[in-house]
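Each structure below is given as structure tokens.
Next, two complexes with chain A in common: one pairs it with chain B, the other with chain C.
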Partner chain A sequence: MFVLSFLLRRLLQGSLIILLVTFIIFTLLRVVPGDPARLIVGGMAPDEVVAMKAKELGLDRPIPVQFVSYLGTLATGDLGTSFVRPKSGASLGGAAFDDQTREERAKVLDLILATLPMTLQLAMVALVIALLVAVPLGTAGGLYPGRWPDKLALALGSLCVSTPNFWLGIVLTLFLSVKLKFLPAIGYRGFSYTILPAIVLAVEIVPFILRTLTVSVAQVMREEFIQLAPIRGLSRSRTIFSHALGNSAIPLINLLGVQLGMLLGGVLVIEFIFDYPGLGLLTINAVLQRDFPLIQGIAIFISVMFVAINILVDLIAMTIDPRLEY
Partner chain B sequence: MTDIVRENAVPPAAAKRGATPTQRMLQIAFARSDFRIGLIGFGLLVGLAIFLPLVSSIDPVKIAYSSKLLPPFPAEGWKWPYLLGTDQLGRDVLMRCLVGLRYSLLIGVTTVVLMFIVGCSLGLYAGFRGGWADAVIMRLTDAQLSIPMIILAITILGVSRPTVPAIILVLGLSGWPLYARVARSVALGERNRGYVLGERVLGASDLRIMLLFVAPVVLPPIAFVAVLDIARMMIFESILGFLGLGVQPPTPTFGNVIADARKYLLNAWWIATMPGLFMLVSLTCLNLMGSALERARNAVLRGEA
Partner chain C sequence: MEFNRRAFLKSSALAGVAVGLPVLNTAFFVDPAHAADGKALNFMSAENLTGNWDPSSHTTLAQINLESFVFGYLTRAPMRPDNPDELVMELATEMKLIDEHTLEFKLREGVTFHDGKPFTAEDVKATFEYASQPDRPAAWYPGTCEVEVVSDHVARIKTDKGGYPASLFWFLSAFLPIMSAKDVADPKTLSARPNGTGAFKFVRQDGNTTVLEAFDGFYLGKPTLPGINFNFVGDATTRTLALLNGEADLIERLEAEQVQSIEEAGGFKLNKAVSVENKYLWFRCSKAPFNDPRLRKAAAHAIDRTVLLDILGVSGHASKAWISPVKFGYVDTPNYPEFDPEECQRLLAEAGFPKGEGLPELEYITSVGFYPKTKEYGEVIAAMLQEQGFPVKLNVMEVAAWNERLYDRPGGGPGHMIDCGWSTGSPEPDLVLRTHFHSSSKRICGIEDKDLDAVLDKERNTLDPAARKAVIQNEVMPMLAEKVPSLSLFTSVFIHAMRNGLDGMYFYPNGMMDANKATLA
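Up next, the complex of A and B:
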């Protein structure tokens, strides 16, 4: 019952947040300079064609009216249609208004769902790499505070967090891909194209895991139930693996919820550098092409994901430590 | 018993009577070698960035084809101009790095100050007043965690003209909730302390107590930890620059210099690599300082010093 009321409350809060995001991004895109109708029909179109398109899209109505009708279509699960992207994928923003070869525009939701698996794949590979590096080192650092594993963890963390991801991406491409022909880098033609971007993304994740884990392991090790474990006849490894690590994982899981926003930033830039066809590249191109429905759709979609992940994170933390209350 | 042990364990220098937590925190930090390395390194680089462009005759934006694409560390020995080589338009790479560091620092520091002021004021107020104000402010910080700020940021900068104040505002908007949370949790702890109740009895208003008595106690440790955030914001600034959404060329920033140099990567690796290394070194120094301060604060909070 408790879990149900928790879920209900969080879902309500989440819907409010999503409404807020929708409102902010909608207003933002309506008050900035640039006429979407002209963008769709092309720069050379006569004014009457532009006005007709604006009427057709309802862009001539007041913003609050537009917002309400947008919410109406949103409620049916329709995120709208891209301004510039046809169904085949190629961008046709500059084509003339009477060009017969212009296809029908792609659905925003289809574009998002087509690129999402690529981004998830990238994120998963990156997370695995980051955990493989950071969990052993972070745990060791927490077990021996002030000694060399701790110092190594601190140094590696400081170095990773200071590395600009776009620069690392470029330099790694030059050395590993162009000079050594070790890994492919630009575009996507198979799984191996994920590895290099994932390494760069992992470098961004590692310092957060290291910092949180070192602190939380050290903290758990100072607690009474761990200090008393030898008296109960438990070996040190048993104490660490079955009592300390699980408790140290809670801050790590919470961190995931808090750092999602930063991770998203990393994904955007990294996909852009490696021309990796995921959600991040789609977002940046949408912004650069002023594809308003697409930007709106992505922002709403991502805040839905954020809300869902944050609820999930709290649920997992509650399962690990039933004392926690939200 | 434990109290006696703890008191004896405190080194004499740190146990001076009347040392505030902030002073103790600084003492611990200064005793760490990573803090000192970071401080010296960062101080040197910032000093160079501030003063060298003032006294040098090299113009970081002046185009000089006669000296284009000179490699770094010339073989004929250490030559002062063009130490780190020149770019495709004959501009000195070192000087462009230094000017980039200036902009990066300007934006990073101002942004963090802005986030600190907004976040801490809201957090202090929420924690101190409690009730409705607290609920509203805390729900706002929750909401912000679920808003993809980075998309809002690049959208705002993408559709409007990215100027320095616009960049600072957009970045600052994304970071204040963390400060609000920390300030609130500390203010909650101070609310019922003796000195606050005493001031209340004397008839001081909430605002007066908060600004004159609570703020000086709780803010300095948060301020020192904000050093880490300056580094984070400097990276964000460079990312915006790289995407073409930061300070615009010809003004050199780390981001736009590296984005520009990408085309010349194969025959002139240094134009893109040097600014990145420069950033890496200065940010590592800054992060070493920041994490040493953070650890010192944690030690003080645990009562180990």
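Up next, the complex of A and C:
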């Protein structure tokens, strides 16, 4: 029963956030320079054709009116149709105003769903790499505060956090792909193309997991129930693995929820550098091409994902520690 | 289901292993990406396509390049600097000027389109009559024309109703892709996929990759390359890395630093060629203050173009005309406006703005991401103009936003000056001169000037090629130097980099390519 009321409350809050994000994105896209009507019909089209197209798309109406009608279509699950991309999903530009294939433009949701698995794959691999590095080191750092594992965790965290991802991407490609021919990069022709961008993305995530885990393990180790464990006859390893780690995981799980935002920010740059055909590359090209419905769709989709994952994270954390209340 | 922390830890560990398993497969780690023998050529293009495969629907360079693989042309113009006027016969075997308004093409027999339809004079008729319509956005044709089908393999282009000489199609024949009459009759099909007589046929669009494969029925025999993957990769560093690690076999639009990296890496070769593209500083001539030619000339005298060439390095070639040296009629214009601060000040004072006083803020728009070093030399030009008193504000935009502001509109295009290049795959000079400086077209600068119109009409209507060249060199160019609707900053040098194993490619000076004799080892 409590779970139900929790879910209902969080879903309501989440819907409000999504509505707000939708409104902000919708309004921003309409006040920044770049006339979508001219974009669709092309630079060489006469002004009357631009005005006609604006009327046809309803762009000449006041923003609140446009927003309400946009919400109406959104409610049916329709994120709209891309201004410039055809069904093949190709990146386009410079199309003509009497483009015969315009009605063949791709649905925003189809474009997102086609690229999302690629980004999820990248994010998952990055997360696994990050966890493989950060969990052992972060735990060791927390178990031996002030000693070398802690110092190593701090040093590695500082190094990772101060390395720009676009630089690391280029350098790793140069060494691992160009010089050593060890891993492929640029584009996507198989799973192996995910590894290099995932390493770069993992470098972005590692410092946060390291720091959180070091602090949280150290904190849990000072708790009474851990201090008293030897009296209960528990061995040190049993205490750590069965009691300390589980409790230290709660801040980490919360952090992973928040990290999603950073992951998505990271994939924008990384997918562009590696020409990795995921949601990040789609977003960058949509921005460069002023493909408003696509930008809007991606923003809304991401906010929905963000809200959903945060609810899920809270739910998991609550299951681990029922004392937590949200 | 009961969900406790033990179950959570257990299931998350299992999930980790499941996700991690493929990573542990060592086959993934020894997978160096290298194109091997018998594999398709991977080309990385700097620009995207339009999504409409009708060649008359766009002026997008990347798509023109792709069309050069897929479509056939009546002739081809190699445009070598030592012989810019040369034409090589392709779908035509002979062409002859019958009279002022009639140009006859004898056509090659035994040529078929990719859909199996034989190529005949009907296709030339359909292509020319459709693509020359004034509402076709590409507007490469000098005006409407009609085509008389004399026989299956003889076509006569007639321009009497269009009111211009048929000789204009002499060089243009190398730049107009020939479409199938069947497709022209069905615009939907024409837009949906390219269908030509070229060495490679369109298979599918796969995200940002256009997949082409060798055409069995190509009239010169099936090409050795089994296919071409034409990929759009917007970032020049990514393109360079892709060449270096073997993902790409051929890349384009490189900057000096990347050329250096590729040269140092070894195993690659470069093709540097003075292109058909000049880069211009366009003045918005249809609105104040650049509706005054004295101010345009003053601005031109404020710019030291040698500094721009230093910035561009290998990517630029000095220019003293409004067309590239590989175009018909190029000349080092004697009165070309050179860097001359004193003359600049004199003209400013004469126009009523001594030392630039009283001039409004002048917006200079440029793009970043497509052309090399635009931002860098844009800043230098802005500084040079400011030094002479022009209150210039540089506005650097990404390509889509810049593209949207590029063309002239009623009342003048956005800003006061804009940076842009113009590249057309034919030696025909009117693809630049008439397109931009005649009041019937005035694409970017918006100039309307009776004297210029008169001299451009005279040039177009002169039938004898030698006499026409003389009009261009002795009358058109000097007048442009007086009116300065735009300033040609330099001619671009197109740089292609490729693997050493790629042989037999021909690169046209506008970026178009011919791969029908290419081999990839």
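Just so it is clear, the second predicted complex is superposed on the first by the 319 of 326 C-alpha atoms of A that agree within 3 Å, B and C clash if a C-alpha of one lies under 4 Å from a C-alpha of the other, contacts with A are read in each partner's own complex, and residues count from 1 in each chain.
The rule we apply is simple: a contact is a pair of C-beta atoms (placed from the backbone, for glycine too) under 8 Å apart; a residue touches a chain by one contact, two chains touch by 3 or more.
Not measured: the values here are computed from a predicted model.
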| item | value |
| --- | --- |
| First, second, both or neither for A:V49, with chain B first and chain C second | neither |
| Which superposed partner A:I170 touches (first chain B, second chain C, both, neither) | both |
| Which of chain B and chain C A:L19 touches, first, second, both or neither | neither |
| Partner chain(s) touched by A:I226 [first = chain B, second = chain C, both, neither] | neither |
| Which of chain B and chain C A:L234 touches, first, second, both or neither | neither |
| Which superposed partner A:L288 touches (first chain B, second chain C, both, neither) | both |
| Partner chain in contact with A:R85 - chain B first, chain C second, else both or neither | second |
| Which of chain B and chain C A:L255 touches, first, second, both or neither | neither |
| Touching partner for A:G190 - first (chain B), second (chain C), both, neither | second |
| Intersection of the chain A residues that touch chain B with those that touch chain C | 33-34, 170, 174, 178, 272, 288, 290 |
| Chain A to chain B touching residues, read off their complex | 13-14, 16-18, 20-21, 24-25, 28-29, 32-34, 154-155, 157-159, 161-168, 170-171, 174, 178, 211, 215, 257-258, 260-261, 264-265, 268-269, 272, 283-284, 287-288, 290, 295, 298-299, 302-303, 306-307, 310 |
| Chain C-facing residues of chain A, complex | 33-35, 38-39, 42-45, 47, 84-86, 88-101, 104, 124-125, 128, 131-132, 170, 173-174, 177-178, 181-187, 189-192, 195, 245-246, 249, 272-275, 277, 285, 288-290, 316, 319-321 |
| Chain B residues within the chain A interface of the complex | 34, 139, 142-143, 145-152, 154-156, 158-160, 174, 231-232, 235-236, 238-239, 242-243, 254-255, 258-259, 262, 265-266, 269, 272-273, 275-276, 279-280, 283-284, 286-288, 291, 298 |
| Complex contact set, residues of chain C against chain A | 3-6, 8-9, 16, 19-20, 22-23, 28-34, 47-52, 54, 57-60, 63, 135, 137-139, 187-188, 190-192, 204-208, 210, 231-235, 237-238, 241-242, 244-248, 265, 369, 398-401, 403-407, 409-410, 443 |
